[in-house]
Amino acid sequence: GTGAKAETFRWAFQGDAQSLDPHILNETFTIGFHSNIYEGLIRRDEDLKIQPALATSWEMMEPTRWRFHLREGVTFHNGNEFNADDVIFSFQRILKEGSDMGSKLAPGTEVVKVDDYTVDFITENPNPILHYEWADVFIMDKEWAEKNSATQPSDVAKGEENYAAFNANGTGPFKVQSRETDVKTVLVPNEDWWDEPKHNLTEVVFTPISSDATRVAALLSGEIDMMYPVPVQDLRRVDSNAGTSTMTGPELRTIFLGMDQMRDELLYSNVEGENPFKDQRVREAFYRAIDINAIKQKIMRGQSDPSALMISPFLFERADEFERLAYDPDKAKELLAEAGYPDGFQLQMDCPNNRYVNDEAICQAVVAMLAKVGVQVDLNAQPKAQYFAKALAYDVSFYLLGWTPSSLDSYNVLANLIMCLDREKTPIQAKFNYGGYCNPKVDELANEVLVETDQEARNDKIEEAFRTLHEDRGYIPLHQQYLAWGKRDNIDLVQRPDNQFMLYRVNVN
Amino acid sequence: MIAFIVRRLLQSLVVMLVVALLAFSMFRFIGDPVNQMVGVDTTEEVRENLRERLGLNDPVSVQFGRFVVNAAQLDFGISYQHKKEVSNLLAERAPATLELAFLSAIFALIVGVPMGVYTGLHRDSWLSKVFLTVSLVGISLPTFLIGILMIFIFSVWLGWLPSFGRGEVVDLGFWSTGLLTVSGWQAAIMPSITLGLFQMTLIMRLVRAEMLEVLRTDYVKFARARGLPNRAVHFGHALKNTLVPVITITGLQLGSIIAFAIITETVFQWPGMGLMFLQAIQTVDIPIMAAYLILIAFIFVVINLIVDILYYVVDPRLRIDRATAAGH
Amino acid sequence: MSVVSSLPGRRGADMLRRAWDSDIAYSFRQSKVTMVAAAVTLVYFVFALFAPWIAPHDPYDLSSVSLMDSFMPPVWEEGGDPRFLLGSDDQGRGILSTIIYGSRISLAVGFASVIFAAVLGVTLGLIAGYAGGAVDAFIMRVAEVQLSFPAILIALLIDGVARGVLGNEAQGDIAYFVIILSIGLSFWVQYARTVRGSCMVEKNKEYVQAARVIGVRPALVVFRHVLPNVLGPVLVIATITLALAIITEATLSFLGVGVPPTSPSLGTMIRIGNDFLFSGEWWITIFPGVALAVLVLAVNLLGDWLRDALNPKLR
Amino acid sequence: MNETTTFADSAGATARPRGNRPVLEVEKLRVEFPTRKGTLRAVDDISFHIDEGEVLGVVGESGAGKSMTGTAIIGLLEPPGRIAGGEVRLEGERIDNLPYEKMRRYRGARIGMVFQDPLTSLNPLYTVGFHLTETIRTHSDLSEKQARQRALDLLSEVGIPAPERRIDQYPHQFSGGMRQRVVVALALCANPRLIIADEPTTALDVSIQAQIIRLLQRLCREHGASVMLITHDMGVIAETADRVAVMYAGRIAEVGPVQEVVKNAQHPYTEGLMGAIPTIGGTHEDLVQIKGSMPRLTQIPSGCAFHPRCPKAFDRCRRERPELMPAGRSEAACWLHDPAEKGRRRGNG
Amino acid sequence: MAEVAAPQGPVATGETLLSVRDLGKTFDVSAPFLNRVLQGQPRVHLTAVDDVSFDIPRGSTFSLVGESGCGKSTVARLVVGLYRPSQGRVEFEGTDLARIQTRRQMAPLRRKWAMIFQDPYASLNPRWRVADIVAEPIRYHGLLSGGQAIRTRVGELLELVGLSALDGEKYPHEFSGGQRQRISIARALASEPDFIVCDEPTSALDVSVQAQILNLMKRLQRELGLTYLFISHDLAVVYHISDYVGVMYLGRLVEWSDARLLFSNPRHPYTRMLLDAIPDLEMSGRARTPVGGEVPSPIAPPAGCHFNPRCPFADERCRSETPMALKVGVGEVRCHAVEEGRLPEPESA
């Protein structure tokens, strides 16, 4: 098309943003969707570098005090001025009932207004990466929220809808023009955006299409301009189709298998009186039973990078020092025999079936591979909502999970997945360590990583922590899946490895 | 007539109450509703508090009463998943489903009835055999397979029709219709055919069977013996008499159409209630399931009422024992 | 002939001949389509019953399945592997073997639910039809409630309820019972209505009154006299609902609420294969789809024929 | 409720307008049904005629082929049944091979038919008036209004009280006898030359039966129509018919003036039949009993179909099939009446 | 006329086997509750049988005649205990059936009677072998034990009714209507009853077959000393088989008497009308007075004598006062005109 005319951009994803309330759910797509409407103090560019957004600059005044200078002259979509009150309000709001963003602010952190455009954050402990995750802490308009009684992300007991869940009022490059949950959301450019728009769109129509085949068909038939994810098996098809092409690249997410190592007896297994996963040999046997290359070749069709680490090599520069244990079913059998399970045993595996690329197929393959070393696995593949409900109740024995450190830093991995699970603490320590892997040495290292400001020393500590985990076979990392976006050839866009979609960088040619 | 309608209404009320009881039991006894509302790390105290506030500690009968009263006011609570009022969700989605169901039913009728009449009248012609065979295939192919194949052929291969969604929708206040735009009609073609195919074959076979039956009756023979032209015999006498069971079955089938819409909506990403219901099942979103249950029952009851009244209109004998009519 | 028939040895042969001469057998022999349908159905049955001996592989034996064998095209296509006649699926299971095992599940679930529905429906129908009055009204009201929820919806609901009640256990063996229960529950009304109708006709027939004059107990009258005479339509419904049940199971599996993917039924296979339609691995979905359609078609054809053959009015 | 007087005059009427020209001639009519066990011959080479203004009674046991004969004449045989041979002539015009449309125009207009069951002969969804006007307008070009007037006239003619009120009622609002009157009215709508009445009274009560028979008799006389009256009630025939044809297993066993057939049966079957009918005032002795029952059409015996049951059967009966031959004042299909046979037997005896 | 010589035969000699006293049966045919409430409709009762009394002496045949719906079958069912009487009582061999409460107590009585039905096609269970059908009463009442004994007995029974013992192996559909009726009779005889209720056993049969069945029944009565309650609407059949005849009209037994007497000298105008309506095979040319009208609805029968609207002799009293049974000879008649003697004598047939 030519530049001057109205450019409508239609795109699809497999689901909808669950809500328009920016604090209600810490989920990649929802946040990514919000990031086109709302903004945080900082933002990430296409290489995930931190850029100033609603804050123009910041500095660490003391190890426990950070100062943020806010951008002046920014207005919300409804015309209200943006200022320090909104920042304080938003950071308070993420700690309230119903918010999923509470972990973005360390406990005990105080938010202090210095002046209308300056805010200080006073933390209990030093934190060199305090703001790394704040690209996802979106700033809401305090007045607007108060006026519409949306000062809290949700209050189930009240039995009322949350206004902010269906209406949005951000400072971002796009405004919500209309929205029907799960059906269609129409965005229009925010003419008063503070930044220079780098797009030529006049309207954005978003449609969730959950069926993979339908979504692909819609792209192929030209009904939509862009969509993701493209099922790996359809990449070739989309590429070979005239007028459409794919964009792929490794994602930051690491897919891995977890094992319950905290209970004395597994919840779902025929082994009584003991927990086989407490034995490092069993964990290693599992590790070695899995043919990651077969998974890459057959299930991922090459669209994955097998990983020895629980973090993407992009995010940890010394990742190449690690190597996966080789696929060795015979060794696995030996190990099992040594551990006292010469005939294997039975257990149940929990697996989401609509969360990650080919998640269910991977699990099925894992089940088949384990069968070859004598371990019989009952697969319980379920939709993500059920899966996460179950996993978060720590009601799993063996499971598949994926993790993207939202701060793009190893500490996030350590803190969420690898440190000892402590459910007594608020917030829960290592909340997503569903299997309860625990090695005090790692905890110690992680705590040091948090406050270590010297990059090299910090990396050493991280390396040691990961090494310990690796030796313990605490997790079985599988791979980093690839992003797979499909688009029409006349669309110009940038793909970020964290799978967030920046509408303000889209151009229709 | 009044007594008849009143009786029907009373029966409908009983049906609705039973369904409400089912829905309520689902609501109340499947899992702990509180668990669905709060996070895992919520303390017991907060839960108890919530329980009290939600009235979950009242006697079950009181709760049921409240449930019915609320349901009667279209208040089904808040969806666990969408955190939105279920009635609003359903209201948003209902037009899509109802339009789809309506189009499918129309399709099924205007294609099914003539085909049924034809095959009934020309029992042994080759075209009848073709119709019958095709109709059997129609019954034997699962809806989802038909949908997938249609998308494959008409959207992907030929690129004639959109593969998903409702096209452009015009908002008429409480109702959003796709029937006022070209793209809306285009989008509706494949889903309504997919959905209506099964019912169409059913109706066709029903009409055929009824025609064969009626053509055998004495009054048709007598009509022929009086020298009436074929047109009058076939359409005036035979077809009209087949209408009674056809109306009944079609009415009942409308309910099925709405239920089968779940599959069609999934395949075509049609933004209707069925799609939402399926998602609700997967996420055990009880309020939506319960409300959908009640809604479907309500639609069924209304259709039944209409069918009964139509029955009344068509058949002067006022025979109301539908059970026997629907028996074959 | 009757003299001969009293000899026990010849009696079987005699019955066979009578069966062969009967109207039903005749109309069966007249209809080629029906014979083909019966043959096809029989083949499915044999396959289902003897799957372990017939299928080239056991797709449920995961230790024999290798991921590296996945996505093999059918033998006649380039790159086909003779071990996998019809190709293999995304997990390396042979399509042919999986179809054979899948039909077994489809048929088993179909039969179990039809039997469940028939027993329930016939019993309730007989009670309603014979007792009449309030009992009848009550059962028929219940049927009406039931009718407002078509099969697929009931199945989904029960599945949803089962998920809620049983948690994720519903995925395991219980999944089969849930499916059978839900499909069965949604079909009983047809039986009940038909049987009730026939029962009300039959119970006023004079042979029933003759039994009552003798003093035979009502339960016995129903069981010995009425029941055998209402079984004709029941058989027809059973055949038709068998086809429906198979489709319903496939649909549920397609919607992802059916049997678990590790022991796939035809519907699950189609769902899995559906993802590979565009990428060219058509055999994963097309063969099971064809297998399902052919099975259902054959059963439907049988049902169709049976309906006509048992309908005296059409003779 | 004043029919009593209306019909009082019709009782006992014997004189009928008689022409010599046959209205209906049936010659060697044969009706067949192809079945799995071979072709079944429901009507086997039967010939008879009906004169102008004449009432021909057709009697016979169930399955003898009476209805098939009637249905074949009016051209309403249902497939797979078909006319396999012979001719049907209506007032000299051959009608068994007419194209459908032409024959359709004759039905109702030139041949009317009345079926057995008045309960099912009328479409329950239409009013009686609709039935009548529909038929009237099919066969004439009267306006809707005129047709309705004619319908009203017809209704009162068949003795329906208050036709103005009744005409817009539905069949289920009529009693059995009333309905049969309507059916008769419908058959007479277009003044057909021939009425085929297939057991018009069997479903009715005795008292109503008498009324309907009389009505039919009177109307046909007034309209100058001939009647083929099918029944298995010998009494009805005796009261109504001029001549009677006795059918057995698809053939006519005997045909003749009604008095003759009843009182002086020539065919052993007719004889047996007459003896089997209990009569009031007769003795309490056992009835005459023909052994066995009529054969199924698939197993018709060779020769005379009646021979296995016939007390007088002799060799020839088993071998050769007798055609109708003069016997007394009637005709009978029985070798006993073959002159040659008579001579031979006399000679033998 | 009343002083006809007392008829000889069973009446004089036999004791009373069945005695029916003031028997009544009403059915509730009200509209559903809601209709009654909303439309102010009253409860509606249909009196199917009203105040019927008669006795049947052992070894004789008592017949009930009347038009459709007059309550004949209802009487039959009351007698065999299929219905409970609304009023009055049925005494069988002196035992009041109403006193019997349990099935167990009833059982020994039940084997003493049996019933034969009208429709030979519906009265035999099509899924049972003939032998099983006939053996059902034997098995149920435990009359014989051992398969062989039962088989032998069934064979005897089948031969008794003129079938072959080997026919037991067959299914009912392999038999003709007359043969089926024989099977019904065999079943009825299986429990060696004294009393058989026959509800129109021949009305679905052809005359020649009817004659066979009637002859068979009479033979069995002679040989086994059976007592029959015989129901029919065919007066000739009734005349032929009965010792006593009762005429029913709208639930009431309007007249009953010795059979010959009733037919030669009918008292009640309805009886006369029925006799008049019978088509006359003798063709005596007798002028008959056809009675118009149809049977009124039993739900709202006319007041007084139910027959008054159709009766040429009805007067004010007939329209208001229910006539009482009047003893005439051996029988009874319910007619004011007979009581008052204002009825013209019928011309004798």
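Order of writing sets the labels: A, B, C, D and E. Residues in every chain begin at 1.
Definition applied: contacts are C-beta pairs under 8 Å (C-beta built on N, C-alpha and C of every residue); 3 or more make two chains touch, one makes a residue touch a chain.
This is a predicted model, so every value here is computed, not measured.
Note on connectivity: the fewest steps through touching chains from subunit A to subunit C is 1. A comparison of the B-C and A-B interfaces places the larger number of contacting C-beta pairs at B-C.
Mean C-alpha position of subunit A lies 92 Å from that of subunit D. With centres defined as mean CA coordinates, subunit E is found 50 Å away from subunit C. Look at where the CA atoms of subunit B average out and do the same for subunit E: the two points lie 54 Å apart. Contacts with at least two other chains are made by residues 148, 152, 156, 266, 282, 284 of subunit B.
Touching subunit A in their complex are the following residues of subunit C: 61-63, 65-68, 70-71, 90-92, 163, 167-168, 171-172, 256, 260-262, 274-281. Chain contact summary for the complex, subunit B toward subunit D: residues 217-230, 232, 236-237, 240-241, 314-317.
Within the complex formed with subunit C, the subunit E residues making contact are 80-82, 103, 106-107, 110-111, 113-115, 117-119, 122-127, 133, 136-137, 140-141, 164, 166-167, 169-170, 184, 187, 191. By the touch rule above, subunit D contacts subunit E in their complex via residues 1-4, 6-8, 11-12, 61-62, 175-178, 205-211, 213-214, 232-236, 238-240, 258-259, 262, 272-273, 275-282, 284, 286-291, 293-294. On the subunit A side of its complex with subunit C, the touching residues are 212-213, 216-217, 220, 231, 233-234, 236-237, 291, 294-295, 297-299, 350, 353, 360-361, 364-365, 367-369, 371-372, 374, 376, 378-383, 386, 390.
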